[in-house]
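Shared between the two complexes below is chain A, which has chain B as its partner in the first and chain C in the second.
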Partner chain A sequence: MVSIRSIPSRPGSLSPNDLPWIIQHREDRCTLCGKCAAVCPVNTLKLTYMRKRMPKIVLNSSERGSSFKTFVGIRQNTDVGRRCIGCGSCAMVCPNEAIGPVFNENDRYRFQATAGGDATKRGGRRNEPGGSLLDRIIFNRISMLTDPALDAGRHEFAYNTLLGRVLPPEEYVRRKLSGEWIPPVREIFPFIIGSMSFGALSPNMWLGLLQGVAYCNEVLGIPVVMATGEGGCPPWVLRSPFLKYIILQVASGYFGWDEIIRAIPEMQCDPAAIEIKYGQGAKPGDGGLLMWFKVSKLIARLRGVPEGVDLPSPPVHQTLYSIEESVMKMIQSMSMAWNFKVPVYPKISGSTSAKSVLNNLVRNPYASALMIDGIDGGTGAAYDISLNATGHPIASNVRDCYLDLCKQGKQNEIPIFAAGGVGKNGNVVQNALALIMLGASGVHMGKFIMQSAAGCLGSEKNRCNVCNVGICPKGITSQNPKIYRRLDPDDVAHRLVETFQAIQVEVKKVMAPLGRSQSLPIGMSDALGIADKDAADRLNIRYVC
Partner chain B sequence: MCRLAMKTASETFSPFTVLEAMESMQEGYDGSGLGLLLRGLEFSDYKYQAGDPILSGIAHTPEALHRLNAIMDGKGFELKYDHEFEVKRSMIEAQDRHKYVLRVYAQPKAWDSFSKDEVEGELMMTRIGLRLDGAAHGDDLTAFSLWPDVAMIKEVGWPLEIGQAFGLNNDRIKSRICFAQGRQNTNYGINLYACHPFFIQGVATMTNGENTAFVPIMDWLSGKSFPGYMGYQSDSEVFAHILHYVTKQLKLPLQAYKHVMTPLNNKELAAHPQGDFLLGLRNVCRRLIIDGPNAVIGSLPDETCLLVMDAKKLRPATVGGKPGEWAVASEICGVDAMIPDRDRSKDFQPMREHTVIIPPDRQELEIWSQFDQFPLVQAA
Partner chain C sequence: MSKKITVKGRDENGQRISTQIFEDLVQKAFTKSHDLVLETYGQHNVGGRLKSGGKPVTIEINGPCGQRLGCMGLPGTKIVCNGPASDDVGWLNIGAEITVKGEATNGVCNAMAEGKVYIGGSIGARGLTMTKWNPEYNKPELWVLGSCGDSFAEFNCGGIAIVCGVEAKNPDNVLGYRPCVGMVGGTIYYRGKIDGSYSQINVKAVLPDDEQWQWLLDRLPKYLENIGRPELLAELSQREEWAMLDAIPPQERALMKTGPMSMAEFKHKIWNPGFGGGDPIRDLAPGLDRSPIGMVESGDLRRKKPFWANRDKAAPCAYYCPVHIPTIDRLRLMREGKGKEAYEMLMEYTPLPASICGHICPNLCMQNCSRQMVMRRSTSRCWVGRPKINRLPRLPLL
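Showing the complex of A and B:
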């Protein structure tokens, strides 16, 4: 027996079997080309010399013994900071399919991830694998013999939505007759690219998205808009005709707004809207966070900060005394900055208090919408506990708010936009139309776009999710040119366009059997069903089984 | 899907002629109900005085009739004429029909100082009061309309049989306008209130086909806090309420009805002389966009009649006739049955942009297109 002290075990010691992802390496296929070790974003792969014993047996002799051989193999680093993140980059570059990560249900890493006394932080999504509630909502009011279903391939469909404050019809007619101000309204595609900042995303990713958005609008006629997130956007974009496809976000750090304000006199067109971020579904109560790894020279310039420092935005807009005042002043100021021609709306985290915010907005004549971001929303950087356990699921939050507006007859006046887990498992149209029929006027989607348009590797099994530290293996969320040049903006634009074309087809394939083609079926809750009595009762939709 | 027939003529005619037209279209309904609306009334045994409100409904029990009398007396209505139908009970399926009410009242004296809008509001609230009273007593009282010069009959069964059962072929009642709908029961239970035509403050419509956008439209109308926007036993009731909302609440011309329910698309609006106003109207009335297939036939208090289609136009309807006499039906054979001696080459089936308007003088059809200039100059 060996002595205790000679076993290299401390409380924080982990073996490869304790890690969330275990590298499987087949020596018989490996050519020792080294590509896997070179590409690994966390340097978990170690090429090492190893020794193995070869038993020596000679059949016609009683001679026995062993010979020893030295070979070059791969070892997995078990340090918490250099554990395998399961991104699979090694598998992607391996010419012989000799290596790849395998998920380990029994990891002990999670208990040791607090080294240094800080709680676990990461980017990505809530780690809750499996179908979401939105995935279980189905559309079951099918037009059958009483009235035939429509042909999704041949009929014309109108499914755009409105972003902006809509007046009551009586007031519209009155103001139109007297020549008074009519609040600005944008007609947009109800699937909006959610707020991801120039900083959280790499330049190639962000510009690829913008390129795709411009193509959707100008060539295909799909009025897609994208939201910037906090951090502004490149100065040339602010002065370009593409600004009309962009929702500019102002958040509590006001990053990027020096550039935006300076550019206002030179803008060729108005932005699609202004989003005032008060909260985010992935990390309610936290401000935005761009970690120092990603504050490159370009980002530092856009945001007006030094390079290489953490950029945490405060949890609230510090200059304001109360939410009511905040809503009133900021919405009005922003409206005024663009001469009352641009819709301005707040974005909040999903919360049981969402209805209070909504009712506040109803009484504010300049508030253009409410965007609610549910707990399944993604982020570039947040604490695990915020991502996993803080927030409110989006479905019931949207439903409550919509029914509240219905009671007041105001559901057409303040559109509600929903986000947080739309397309989490790939069912983006199913999820979005469920939310729309529950009462949302449209959805924002971030993670889905990253996955669909740029091949983001993240998953709810904590795969990859290193957006916070700027080592994104695909170059989507990195500010390091050596990494983000892997991502070709043309490819992103191409995939984005394909994504929106496919979304269009699926929207028609849902609307047609419901007999709907003339308008987006907002609040058409009679079309929804779910095989869960409690959820059906809570959402006021049909229980089906 | 239901079958619709409407006739409007300068001279009064028997509603039975319209029921006979329904018979020619009988493949399209299943006997789950008939609705009749008569406007421009003439009774063989009573000289109707213009402006007197007429109550139509059913008292299902003697108690309900007593309560009806008490409510009307309490409001100050004075009974002037009580039309007794010569009902052949054996021909009617339903057993709980104590009395079919068709009564002419004198308006309460207390209302003399009221404005026109106030009187209209009071009439509607009285009708709703009767309806809610019935609902509170096991649905033993049904009130279809309370309005000058309008009578309504709704009953479960086959149209012609109901007409015979009510003795409508005896010419005791005639009218200048008659709406009839043979009902095909679809999603919603057999309920007399679910039977077309639907009526609110002098505005009436009947529709065939299903309205798949029903729930969002109903939610929006219900939120307007206008007491008359209630009921919704049928998905088609919203068509009447939208017509009411557009003409009486927004006070827009009749042509706006089509622009609200089936707005033009962006490209069409860009080329429209009043595209800016209409685009804004489309936005603010977005929750009232219908999703047919439907043919909507309506009439207004001044005896104007109209016909519009939904945008998909999967339920065509035909209008035909001659000066002084026009008919609209969901099938051409219905028009044939109502006005056989017309010039058929002048029959018209509106397209998705058309509103067919038969003005009160009934001399010629107005076929108005959504692409035409909107007749509200100031608004543009």
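Showing the complex of A and C:
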């Protein structure tokens, strides 16, 4: 019982009903085992004892009094820093289905989240619940009697894509005959695992992904590649035969590049490609920061830094001053590092200026592709304002770039890769094929893979999304072995393989009715429709209703 | 009715007559005779729909025949085409015996449910596809002297094919590319080379057993005689030259391993050897244990130790009781002389009836009693409900 005292209400006071997630605890089921409190990543659960007063009134006598009862229960902490994040770990471990978070539409937390004077940050996603634009694009051009129908279960489909500069046929022949250099081109599966670094991801997660990727390639023959993100690659991996499935990233922090350069002479194979990161869709113009508590001994050794220090990647490369120079210096140097045998391409955040970058790349003989990351992309850590409101949606960005290439007659020469929200509501193949038919040659996906292969708990309702603070309840984005050992790399690999097998089936299920089996339908926008006139006009696709 | 009647596919001017008019002429001739010679000139759907009430019908085809020869053929009809045939021979056939002495093109026996088709040469793509078999009737049969084109026996359901590989169009691959996709029933006898591209989840490669071999031997002579090649009997009767693709029943398919390799096997054979046979980060973090653990662990792996702070405030006897018996209330009731009520209250908490609880419990209430230091004996066992005791035990004073 709370004694009679004044209960203060300060501006920052919150009640459980003001929080984005409210704990529902059923005392009738709870056996007080304490597992929920032991697992809660933010320590929001308080195991409490409470005293209850029961007035004792006997009507036909003058007896009066109170009896007191003490009981135990679970309460929710209302501190801003210890609010429930809705991860649902408590529900996962509760043996009695006695506890779980419930989303609250009416949270007032958002107005108090600035306690301490910093703007709010989180990991994860943009938090835009509901169907995305990509979820609304459907495939309308069904081939039935007008052209031969295909059977997804029976016919063979070619749906790999090309990463690399494809020369015009006459130029290819000329160079071939004269023995000149021909730009490297990789044939890969168009669903690429987007760049997530060893560091942002736990070792079990990162290696589990690579193990699954290797399985897809070596056992199933699906040429899946994964991008590493900035932060290097374990030396054994650099010297392994699996390097060819990895797109190495160089970003403004250059983390891990000393190990990579050291390993080049000993590499058994070349990496799939080199990605030069100029920007990220989730936080354009903002750099990366690996917080000190994620810089474990292992990460420190991998990145070539001392343990437990903050590792900032600045928003810009310090020594690059103009697009021409960036393209010259970075693309040429990275190409040269592997004797011009590895495709090198830049990654930029979605932007109205993407076309200018693309046009510059068209003129650069070493540029292999352009990767555009839209506003719905994920991140390990970013300010809310960057995640929510900075950047460009991917669909029209890719579309504009592709149509621009078409005008120049170069659409088959330099591939555009798209990312940012692909599969954010689970419709990964629908989203990816929509982008591909709008003109992308393939997509990168990060969050979807985390959710599908590793069971990431994040959602567009800001569920979990604490990837930035090293307490990932699933062990995906933590460097604490007591947490990341929850994730079995074999399970990750297994789920990854299942995911790609299912993606393959779905790709065929879309391509078959389109009557397309011999190549990925890049730019086949006559097959697309949307029940939104403005979007249809903007994307130059059919309005259907 | 036995006089042969000839129906011509060209009019007096030598012009082709349409399929519709030709069919009309054939049906008219059929009312007069069940023994017809059709001099076709590319007319389609010839030889089907001749209702004889089961009496034998003989149709001989001379001249170029159109598509779907013998389509919707009925039992009792026997069609012999002296030359080659075009697409879809025996389409939707439900019982006719169709012999084509030459080759046939695509779609032979598509959707056929019963009857026999004998081909004296090779066939094109998609032969024996989408066949049906109603167990009330006989299985459809397709005999091919040479080889088959691609996509053979797709969705075959009960059809039996015999592919002899003699003078084959494609001697290196007598069943064509990717046969048997979606095949759920039936069987294929073949003789000669195949490329192994058959659908492994639908059919398995076997050798004919005695019964199956006898089945083939029994029927070979008739087939060879029909296509006019009896001299091949000895050559085709070498059992060791024959092999089969047999449909995998669904029960068996459900037990088949889904993936080509287990993750454990992959790890052992491919993954670990890729890093010189060990953990890929053993050099970065020597001795790091990355093996999987649960969400809530104990011992060294424990992250948090939750406790209910009421331990600090509750009466120790009640708190430490494993079943949370409110001992204070119990003692109060007993002090008030309400032994029966105290006993009843106890029974609401303890899972052990009668006096067992008191006998097996290590007395945690007593051990944790905070008055231990004050009094020599805190509380003690008391006997409630025993008839011999007619007075209440002495209780410690509080």
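Going forward, the second predicted complex is superposed on the first by the 525 of 545 C-alpha atoms of A that agree within 3 Å, B and C clash if a C-alpha of one lies under 4 Å from a C-alpha of the other, contacts with A are read in each partner's own complex, and residues count from 1 in each chain.
In this section, a contact is a pair of C-beta atoms (placed from the backbone, for glycine too) under 8 Å apart; a residue touches a chain by one contact, two chains touch by 3 or more.
Just so it is clear, the structure is predicted and the values come from calculations on it, not from any experiment.
Considered on the superposed chain A, chain B and chain C are sterically compatible, since they fit side by side. When the two complexes are overlaid on their common chain A, residue A:302 makes contact with chain C while staying clear of chain B. In the superposed model, chain B and chain C sit 70 degrees apart as seen from the Cα centre of chain A, a figure rounded to the nearest 10. Once chain A of one complex is fitted onto chain A of the other, the partner contacts of A:497 are limited to chain C, with no touch recorded for chain B.
If you count the residues of chain A touched by chain B and by chain C, you find the higher number for C.
Contacts of A:173 after superposition: chain B is touched, whereas chain C is not reached.
In the superposition on chain A, A:410 contacts chain B only, with no contact to chain C. In the superposed model, A:143 makes contact with chain B only, not with chain C.
By the touch criterion defined above, A:265 reaches neither chain B nor chain C. Of the two partner chains, neither chain B nor chain C is touched by A:117. In the composite built from the two structures, the nearest CA pair linking chain B and chain C is 7 Å apart.
Comparing which residues of chain A touch chain B with which touch chain C, the overlap comprises 156. Chain contact summary for the complex, chain A toward chain B: residues 141, 143, 146-148, 150, 155-156, 158, 162, 166-170, 172-173, 176-177, 182, 185, 187, 405-412, 514-519, 521-526.
Every residue of chain C that touches chain A in the complex is listed here, in rising order: 151, 154, 178, 181-182, 259-261, 263-264, 266-267, 270-271, 274-276, 280-285, 288-297, 301-310, 313-314. The touching residues of chain A, counted against chain C in their complex, run 32, 34-35, 37-39, 43, 45, 47-49, 70, 72, 89, 92-93, 153-154, 156, 203-204, 207, 211, 214-215, 218-220, 234-237, 240-242, 297-298, 301-302, 473, 481-491, 493-494, 497.
Put simply, chain B touches chain A in their complex at residues 1, 184, 186-187, 209-210, 212-216, 219-220, 222-225, 245, 249-252, 262, 265-266, 277, 280-281, 283-287, 289-293, 310-312, 314, 378-379.
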